[in-house]
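Structure in C-alpha cells, see below.
Letters A, B, C, D and E name the chains as they come in the text, with residue numbers starting at 1 for each one.
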Amino acid sequence: MNWLSQNTDLVFDLTLTHLRLSIPPILLSLVLAIAIGYLAHRQRFARGPVLTLTGLLYAVPSLPLFIMIPVVFGTPLRSGSTMIIALTIYGVALLVRSAADAFGSVDRSVHETANAVGFSPWARFWRVELPLAGPVLLAGLRVVAVSTVSLVTVGAVIGIQSLGTLFTDGFQRGIQAEIFTGVILTILVGYLLDTACVWTGRLLMPWTRPRPRTNSRAPLHVPADVAGGAR
Amino acid sequence: MIEFRDVSKRYPDGTVAVESFSFVVPSHETVVFVGSSGSGKTTLLRMVNRMVDPTSGTVLIDDQDVQQVDKVQLRRSIGYVLQGVGLLPHRTILDNVATVPMLRGVSRAHARKDALGLLDRVGLDRALATRYPSQLSGGQQQRVGVARALAADPNILLMDEPFGAVDPIVRAELQVELRRLQSELGKTTVFVTHDVDEAFKIGDRVVILSAGGRIEQADTPERIVAHPANDFVADFIGARSARRTLRVQDVDGREVVVDGDGRPVGMLAT
Amino acid sequence: MTLVQGALDWLGDPANWRGLSGIQQRLVEHLAITGAVILVAALIALPLGILVGHTRRGRGTVVALTSGVRSIPTLGLLTILALNLGIGLTAPVLALIVLAIPPLLAGAYAGIESVSVDAVDASRGIGMTEWQLVRAVEVPLALPVIVGGLRSATLQVVATATLAAYVADAGLGRFLFSGLKQRQYSEMLGGAILVATLALVLETALALMQRVLTTVPPDTGRP
Amino acid sequence: GSDDSDPLKDSSSSKTSSGETIVIGSQDYYSSEIIAEIYAQALESADYTVKRDFKIGQREVYVPEIENGSIDLFPEYSGPLLQYWEPKTEARLSVDVFDALVEAAPKGLNILDQSDATDQDSYVVTREFADEYDLETLEDLAKVDDKLTIGANSELEGRPNGPKGLEKAYGFEPAFTPIEDSGGPLTVKALKDGTIQMAIIYTADPSISKNDLVALQDTKGLFLASHVVPVASDKLDDDAVAIINKISAELTPEGLVALNAESVDKQSPAKDIAKGWLADHDVTA
Amino acid sequence: MIEFRDVSKRYPDGTVAVESFSFVVPSHETVVFVGSSGSGKTTLLRMVNRMVDPTSGTVLIDDQDVQQVDKVQLRRSIGYVLQGVGLLPHRTILDNVATVPMLRGVSRAHARKDALGLLDRVGLDRALATRYPSQLSGGQQQRVGVARALAADPNILLMDEPFGAVDPIVRAELQVELRRLQSELGKTTVFVTHDVDEAFKIGDRVVILSAGGRIEQADTPERIVAHPANDFVADFIGARSARRTLRVQDVDGREVVVDGDGRPVGMLAT
C-alpha cells in the first residue's frame, strides 16, 4: 500500500471527478428515457422500433462513440461533455425499455379510475402514471447508475480523467495496488449511487416501503438487466 | 333523477352493446341493473358520467342533457365505484378518499378532515387512514371505494359490481352496510351486478337485462320473484331451480327451511 | 458525414475483408470469443440460478453478488488479469465471463421465481418429484426470461469483446484500437458498425428463439 | 497517414485562455508526466500561474489541442513528433531531427532547446533470445528461423518503423500482436513468457536493465533520434522559456532513467519526484 | 377412511396452525371443514397427502400411517384440487388432466384418451381440450382442476376452497355439479371452505373449526342449523341474523319466502 499512502490526494480528486462525470448522465438519461419510454408506451406502433433502436445503441462500442460525438455535437473530444453525452446515450439505451415497461406496469384500471374520478390527462400523467411507474423505473435506474459508474473508467483510454486513470497509469507502471484501488473505488462509487437511488426511491415512493404485516415475497420484477461492463 | 332516453351504443369494432334503452331512475332510489356478462350494464352506467358517450339518444340528469356538461366537471360531481375498486395504490387510504375534493380545489387539510369522517361512515377504523390500499383486505378496499365515491357529496352514486371481487361472507356484510348507508343518505343510486341475489338484497327496484341492454322486467324484488314476467326472467332468477323452491322440514322439533335438494337455508321465524 | 462515408467506403473495399487481419477473419474471431464466453458463463450461471430460484435460498446473496459483479469495471479487471496471466485471450475471456454472469444468473433465478407459486405447489401436490418439477414445469415456464438474460449477456459480450484487442491480436476491437491510434477514423467507425451489426443479428436471432420458446399463449381474455 | 475527415482537427476553436495562466500538458505516460510536473513546479516557483492538464491519451489526441492553443507547454519527444508532422521525413540523427522539427512546427508553436535526455523507441529482446541467436543489431534478426512476433501498441502496425518498416530496411517481416501498455509490464511479461519475441520499449525505461533485456542496435536508422523537447506556444515569455531551457540543459539521459525508476520502483507520485529533482538542480533563470 | 389421530402442526416460525386435532372421515363420505381464515383448514388437508407433515400425531389412511408411504407415490394416489387451481400454464387442458397418469407411467396416448372422458365427466366441452389454461374462464379452470384430481381414479379427493375464486353464479353451478359427481363416484372427500352456505350445500357432514383447528361442532348440515352447539357456531352460521330468520309472505297471492329484512329468498313449494 506504498502507492496508496503517497497518492491519497490524487485518489480523492479522481473519485470526485468520477462522481461529477457519473451523476449528470444518470439524471439526463432518466429524463430522456421517461419521455421516450412514455411515447413508446402510448404509441403501440412505435413501441417495437423505438425499443429495438434504443436498445441497439448499447451495442455501439464506446471508443468510436467518443470519436463520433465531437463530430455530431461539436464538443471537444477530451471533455466532460463528450463523456456525459456518451454515457447519456448508453443510459437511455438501458433505460428506455424499463421506462416503457414501467408505464406498462401501471394497471389499466388505475388509468380508468383516474379518468373516472375526474383527473385531467396532464394531472393523470404527473400524479398517477409517473409515480406508479416509479418502482420499475427505479429498478432500471439502479442498473444504469451502476453501469454508468463502471463505464466512466473507459474514458481513461482517450485521456478523460477518472478512476479509470488509475488503471492505465497503474498498468504502465506495473503498480497493481493502483489498479486495485481504482477497481475497488469504482465498485464503491457504484454502490454509493445505487444506495442513493434506493433511498431516494423510498423517500419519494412511501407506498413501496417494506411494510409489516405482509409476509408475501417482495414483488418481483424481472430485471431489465442489460447492465455493466465497458466496451 | 336520471333519465335514459332511447340510448344506443355501438362500439367502434361494431359491437352493439346497448340498443334503444329507455328508463328513469327516480331520485333517492336505488335501482339495480342485473344481467349476464356482456348484457351492456357497464356501458349503460358509464353513459351517466360520460365515460361512454351514447351513439344515439340522450342521458339526462335532472332534465339536463349530460352532453352539455364538461366531462371532467361532470365526473367530479358524480360518485363512481368501479368494477374492481380502482384505488390509487400510491396514495394512503385517507388521500384516496380525499382525491376528488382536492381535484375540486378543496384544501388538502380540509379534504383530509372530511375524509376521516367518511371512513367512520363506511365503517372503517380511522387507524387504517395512513395505510396504503395493498395493506387492506378486499372488503376494506371496497369500503374505501365507497367512501371515495361519497367524498364529493354527490347526488348520484354509480356502482359497478362493487362487491364482485370479495368472498361471499364479506360480500354479505357489505350488502348489509350498503343498505344502511342508503337509508341514511338517500342518494340516487344505480347499482350494477350480475348476481340476482345481490340485486334482490340491494335494489328498491331491479331491472333485469338481456343482451343489448334489453329490459326483460323492471319491478320490486318480491314481485319479480312472485311473478316473473317471462321465461327468460324465470330462468334468470332460477324460479324453478332447487335453490328457490323451498320447503319447511322438522329437525328434532325445529322448523328448518330447506331447498329443493334438502340443504338447509335458515329457520322459520316463530 | 464524410466520416460515415469513409466508414462505408472502408467496409465496401473488398481488400479489407481478406487476409489474416481482414474483416472476415476478425468477425470469425469475434464470434468465437463471444460464443465461448457465453457458453462457459451459461454453464456456471444457469445451474446456479436455477438452483437458487428453485430452492428460494440464497437469493439475497446472489442479488448482492450480481450487483457487485456488475459494477466491476471491465477495463480494470482486464488489466489486472492480464498483468497476472499475460497477453493472449485468457485474460479478456475471463473478464468477459465475469461480465456475462450477472445477466444470465439474474435471468435464471428471476425466471424460475416468476413461475406461479400455485403451479409449483400444484405440481408437488399431484406427485411430481423435485427433479420433475424443475425439468417439466419450472424451466419450461422460465425459458423466456432465461433467454432474456441470454440476450442481454450476448449484447454486452459482443460489444465488450472489442476490449480483447487491448491485449490480444483478436476480434473486431483491433479495428477500433488501430483506427484510433492511427487516426484511421473511417476504419474505427467501420469496425463499430460491424460490431453493432453483429449485435443486431444475434439479438434478432435470440428474439426469435425467445418467441418460439414462449410456450404459454398470450392471455386472450374471454374465450 | 491521416484521413481527410479528421474529427479532432477543429474540435475546439483556437483561442488562448485568459490571463497569465500557462496550461501544461503531458502524455498519458508516467515519464512525460514527471517532466511536465518539473516544468510546472519550476514555473510556479517563479510566480507563474500554471494549470496542469496531464495524462492526455496519445499524440493523436493531444497534438490538435497544442495546435489550437488550448495547451501552452508540452514535453515532447523530437523524433516521434517530427514523424507526426512529417511522416515521410528522412532525418534520423539528433541534430537533423531537431532542425527538421523546428521547420515542421506550425505557426505559433515554438520548439525550445532539446535536452540531452533521450527516450526513444527501441526494439528489445530477452537476453536468452539474444544469446541463442547471437543478436546485437536488428540486422542479425534475419538469422532467426523461428516465428518472430512483435508486441507493441497497435499504432505501431501502421507506422514506418513498424513491421513494414523492418521489412523495408532489414528484409524480414515479423508478426504483430497489440499490447496497449506502451511497453509496460505486460509487454515485458509477454517477452519473458515467450508469447512475443520482440517488443518496443523506450530506452529510458528502467525495466530494460531490471529485466535484463537487450536493445538491438538500429543500424539502418529505422528510429529517429528522440530527445526530450519542450513544445511551447507564444504565450510563454522569455523568462519562462529560459527556465524551461535550463531544465532541458540539466536533464541528462541517466537522470531521466533515474526519474522513471523512482516512479515505477518506489511508486512515488510525479509531484514528489519532480520536487526532489528540482531540489537537486538549480533551474532559476 | 381417513383418520386424524391427535395431530398438531407448529410451523418453523412458531405459528401453531393446528393443535391436537382428531377426526375420522368415513369412506365414501364428503366431509367439509369450514372455518374462518387461518383456522388451519389447509394445514389439516395437506397433512393427508403429506404436503405438510404434522409436528405430532398421525394421519392414517385405511389404518396405514401416511408417514410410512413414499411422499411422491402417496400424492399420485390422492386427488388434490388446490386453493388456487394451479394448472400448468404451458400445457394444454388435455395434458394438464393427463399429467398424473403420465407421471405414473401410463402412455401419453392412453392418458389423453382417458382425459377426454374426464372432460365430459366434469362437464367441459371436448373442444376446449387443446386450449391453454389462460384461455379458459375461472369456472372452466376449476373444472379442469377437478378433472385432473380425478384422473388417477383416486379413492380420496382433497379439495381446498376449489371455488374460492369464481363468482357466485358460476360457484352455485359448480357446487351442484360437484354434488352430482360425488353421488356418481362416491369418493372419500375432504372439502375445505370458509363459506358456511357452501359447506351446507356440499357436505354430508360439516366440521366447524375455530383457530388452531379446534372442532366447535361436527354434524349434518340440518342438525347444525337446527341446533348450533354453542354461541361460536350460532354466530358463525349466522343463526340469529336476518338472512337465516325467514318468514313466508304473501305477494299477490303467492307464498314468497323472505328473510329478516324482507328480501325475497324463494318460493314455498306447494
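Here is the rule we go by: a contact is a pair of C-beta atoms (placed from the backbone, for glycine too) under 8 Å apart; a residue touches a chain by one contact, two chains touch by 3 or more.
Because the structure is a prediction, the values reported are computed rather than measured.
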Neighbouring chains common to chain C and chain E, by label: none
Mutual neighbours - chains that touch chain A and chain C alike: D
Closest chain to global C-alpha mean, per-chain Cα centroids: A
Per Cα centroids, the chain farthest from chain A: E
Selected pair, greater C-beta contact count between A-B and C-D: C-D
Averaged-CA centre spacing for the pair chain D and chain B, given as whole angstrom: 85
Mean-CA-position distance for chain E and chain A (Å): 51
Computed distance of Cα centres, chain E from chain B, in Å: 31
Multi-chain contact residues (two or more partners), chain D: 7-8, 185-186
Residues of chain E touching at least two other chains: none
For chain A, residues that touch 2 or more chains besides their own: 67-68, 71, 156-158, 168, 171, 174
Interchain pairs in contact, sorted by label: A-B, A-C, A-D, B-E, C-D, C-E
Residue numbers on chain C that touch chain D, as the complex places them: 2-3, 5-6, 82-83, 86-88, 165-169, 174, 177-178, 180-186
Chain B contact footprint on chain E (complex, rising order): 164, 167-169, 171-172, 176, 179, 194-198, 200-201, 221-227, 239, 242-249, 251-252, 254, 256-269
Interfacial residue positions of chain C with respect to chain A in the complex: 3, 67-77, 79-80, 83, 99, 102-103, 106-107, 110-111, 113-114, 145, 148-149, 152, 155-156, 158-160, 162-163, 173, 176-177, 179-180, 185, 188-189, 191-192, 195-196, 199-200, 203
Of chain A, residues touching chain C in the complex: 52, 55-56, 58-61, 63-65, 67-68, 71, 142-143, 146-147, 149-151, 153-154, 156-158, 163-164, 166-168, 170-171, 174, 176, 179-180, 182-183, 186-187, 190-191, 194, 220, 222-223, 225-231
Interfacial residue positions of chain A with respect to chain D in the complex: 2-3, 6-7, 10, 67-68, 70-71, 74-78, 156-159, 161, 165, 168-169, 171-175, 177-178
